[in-house]
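Got some structures for you, see below.
Consider the two complexes below, in which subunit A is the common component and subunit B and subunit C are the respective partners.
Here is the complex of A and B:
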């Protein structure tokens, strides 16, 4: 069937275009418009140019939140990748009781974030938490997360790793299972040690999966909210605040929609910037596979 | 037979669908003719009772109306209410607004109620505490009818006081600090007890400590830190309590609900909560100390005792009608009913802070052990701070500095100076 006029083609394309327009493009344009205006409830929007962006970027609370976010992202995502990779290789090596262990490893992904935080708060309660009591019994220092900002950030990092490890693990495990056994046999015949096989066979072939897992986790981790909000609410004294919490406060506590919208766009740009290296790596790999 | 059961034809599918739709439509005929949509906190719905104890039972049948409640926690509730009121129209007929939110801009989104009051008055309107009515009046226009107040009192666990040989609760702030220190111990039951538990995310508590020394955060005249030395003294008491362990190590992450749990479980000896929490704290099914948790007025400092009354904090809620809502007459009828003397008394019995002065004098209230002290505290109570457009941000800055001072990360004097510097531009705006 040949369509001569563009008007004849539109109905066929429309569902996808309408969906993208209504769900992504129009809301994004609206947020851009909001970010260039000062507005709140009962107050009509006033055009302020880039003032909201300047205000957010010069707010020490935002810069601290951005720093905390970057720190959590870098620490949590890479540690999670190392753990996920280690576990994927362990499982692929023929671990006994693999099915049961697989369920156990994937279980945190089925737990609601709210319940997970409530559980961790109880376990690590500085006064009556069972984990705190155990650490104290073993003569180890407690995780003083309700007082020390650095401890709180470590706790948030550990919690986010625990919650999202199944995602990274399952991607890497599936990719590892897809590597043909013949390659390992060939490497062994050529005299490769297990480490050589890991370096020359496993890692290059897991590369695309690692980049995909990293990219997704970078983006997900950058918008971390519930772990922080439910654990510390950004305290003590806003010291553990992350960008998504800052945005929430601007929009829903202070009803400052202009600065909230500006924060949202800064957040998008910052997360893209942080993930740029991996995006280029992915493009290179995709281009490489195409040849 | 199973083949026959699975044989779904277009005709039978359409027939079943139409029959089902007809049955659902017929079901509507058994329900009330009108539905009033109310946006509130769960507690506002709960205090009006259910089933046989439904305080609106007669009103619903007289008006052929049902009430549909949508409930949220306080902050999300205010956000949703303002969001609904800023649309071109809303399905919500009545909303509940807290008294530190109605600024001039917010008030403009709600129906002025003076004309309704004149045309179809509320029973003995003068009986409603004038201070609470004032809190719902913006630029001379009444935008909300007070329905609930939460006046803060000092709660203590009498059993723990007795265990430590303390025969009477404190009468001054200094005594409170001293007793809290003594009550930081491990109880006979083996529970580690903190002298006092307070949430760190509400301005109520540091403001109460400052008021005990004659200070304030922002007063009704919009004066910021009218007595900075008093604020410093109040924060110093809190800091010392934290340093000595009388405030728990988890102070910075303690929330309002934790205060209730800690007191019920005997993990803390003192806390500051609304008097309306009395029943919950002494509930046999939830509390390890039913009947042993008592409440008194938050004590003033020794220097001011007898010279001026303690001004505790009261938070009040009012019922408002969004200006963009439909059937405002029905909304007003609902407000009128909920504000009536009988409904106010009924709600008070269910744990609501009554807004009518006469309710406290009602014999039915004599069974409430804290009614008299609550009424006395209410006389001098006022909000934590008055409403203004940047109030939420100002509160957040205030709490940030308070936490820094209490946790020992900043000198108290420096924190108070920071509050003054950082909040001032928000007041001017």
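Here is the complex of A and C:
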């Protein structure tokens, strides 16, 4: 369509744009305004500039929540990537009944965070959990997740890997299947060992998919809320809070909308930063491959 | 050579078993435990042979009427969100696929950037507004929220799928005198069905399972099934595991079967969604 006929396209675009503007964009921009004011229920807002940001960034509870979030992101996302990559290569190496196996691997995608937490709480229950029983049978320490914050974070990390591994696996497996067989053929004829082929063919060609999978998972793991809230509610004594739980507590438990809003924009900015960083890396990588 | 092959085969078999246990054991365990009589749930080591009983389901039915209300709410909200998301995404995806202008290209970028905003951010301003206009605890709020958080991905996916439909078909229909709306309904929608199903899988799974928005925006009337289950977990001094497992099974089985049957569309959607948008 020529540009002068754009009016014809408006009715088709309107529903999507109206939904996004009214539910996401305008509220998010309004959150900037909230973040620059001190406000609570039934109290008129007063402009305080960047005070809320300073207050949040110097709050030990926020810093701990941020630290926990970063730990979960680094631990869970990278372990998930390693597992997903291993599985993708295993599947691509030829397995009998691949279609059925694929469906089995996808199954956790259907599971709600709520139910996943119920499963985990039972499997790792200190008294009756079968995984706890198995760990002690193997002579391994149990995860004392309801008292020990670091154990709780490990549990949450494992849970988040379990829920999102299907996504990471599919992205990597699809990218691996997209690599032409001829390349491996050619590498073999040139006398390359399977390890050489992996290093010189598989890894470079999987690069962009790995970056995409990492980017998505960093951004989504950074906003983790339900798993933590349902597992520990951030406790004991706020020791397992993550940034989203901190935000929730500020807003809905302490009615401190200003600091909650500042936290929200810190989250948005962190996501944007991650995204631009990766888009930049991806561009550089694509440009590098072209030479 | 033969022993090496055998070793590789055994290694692969072990890896496959590990993957299956990892993916399916927690799900199988919940379903199995929901059918175990009384104290068998807590047997250590777990019992894999037992006489199945529906007693926990009977308890669920008798004691947790609110759970079945939650299932009904989840069904209504999931259906509504899916219809909104599919309709809006297909219409927009059609325009993005068939026409191009600088403004349109810029707005695709906008659709992608919007996905970077964490859903919890919008709860801050929406919570007081939704309360003020009296929409708190209604189905429509969750339908719109769930649909909106998927229309950006949905639109990009639909554009990718519609791109694969030859333009000649549109042009032929146009020569026959069909308007844009007719072309969309008669030509595009039937041929873009796999894309529509891919979007549907995303929205259905998300809306059926979502916790955060349901937790913040519903109380009693529109409470969804995951929220009721979270209350069962939350009764700290006495989680009735049998009933909790029964409720989890009832909530999980429909969406699990849906994902199993739609796995092709899910894979296509995940792949296209990650590379194109």
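Heads up, the rule we're going with is that the second predicted complex is superposed on the first by the 252 of 291 C-alpha atoms of A that agree within 3 Å, B and C clash if a C-alpha of one lies under 4 Å from a C-alpha of the other, contacts with A are read in each partner's own complex, and residues count from 1 in each chain.
Operating definition for what follows: a contact is a pair of C-beta atoms (placed from the backbone, for glycine too) under 8 Å apart; a residue touches a chain by one contact, two chains touch by 3 or more.
Just so it is clear, the structure is predicted and the values come from calculations on it, not from any experiment.
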| First (subunit B), second (subunit C), both or neither touched by A:144 | first
| said: Quick one: is A:237 in contact with subunit B, with subunit C, with both, or with neither? Answer first, second, both or neither. | reply: first
| said: Touch test for A:119: subunit B only (first), subunit C only (second), both, or neither? | reply: second
| note | Max touched-residue count on subunit A (subunit B vs subunit C) belongs to chain C
| Where does A:183 make contact in the superposed view: on subunit B (first), on subunit C (second), on both, or on neither? | neither
| In the superposed arrangement, which partner chain does A:252 touch: subunit B (first), subunit C (second), both, or neither? | both
| field | Which of subunit B and subunit C A:213 touches, first, second, both or neither | value | second
| request: Pick out the shared contact residues on subunit A: the ones touching subunit B in one complex and subunit C in the other. | output: 128, 252
| note | So, in the complex, the side of subunit A touching subunit B is made of residues 40-43, 125-128, 144-147, 231-233, 235-238, 249, 252-256
| Complex contacts: residues of subunit B adjacent to subunit A | 75-76, 79, 82-83, 85-86, 103, 105-109, 192, 194, 200-201, 248-253, 267, 389-390, 392-393, 396, 400-401, 403-404, 407, 409
| message | With touch defined as at the start, can you tell me which subunit A residues reach subunit C in the complex? | response | 1, 3, 6, 8-9, 11-13, 15-17, 19-20, 23-25, 27-28, 30-31, 34, 86-87, 90, 93, 95, 101-123, 128, 130, 133-134, 137, 162, 165, 167, 170-171, 174, 209, 212-213, 216, 219, 222-223, 225-226, 229-230, 244, 247-248, 251-252, 257, 260-261, 264-265, 267-268, 271-272, 275
| query | Which of the residues in subunit C come into contact with subunit A in the complex? | reply | 12, 15-16, 19-20, 22-24, 26-27, 29-30, 33, 41-42, 44-46, 84, 87-89, 91-92, 94-95, 98-99, 101, 103-104, 107, 111, 113-114, 116-127, 144-145, 147-149, 151-152, 155, 180, 184, 205, 208-212, 215-216, 226-227, 229-230, 232-233, 239, 241, 244-245, 248, 251-252, 255-256, 258-260, 263, 266-267, 270-271, 274-275
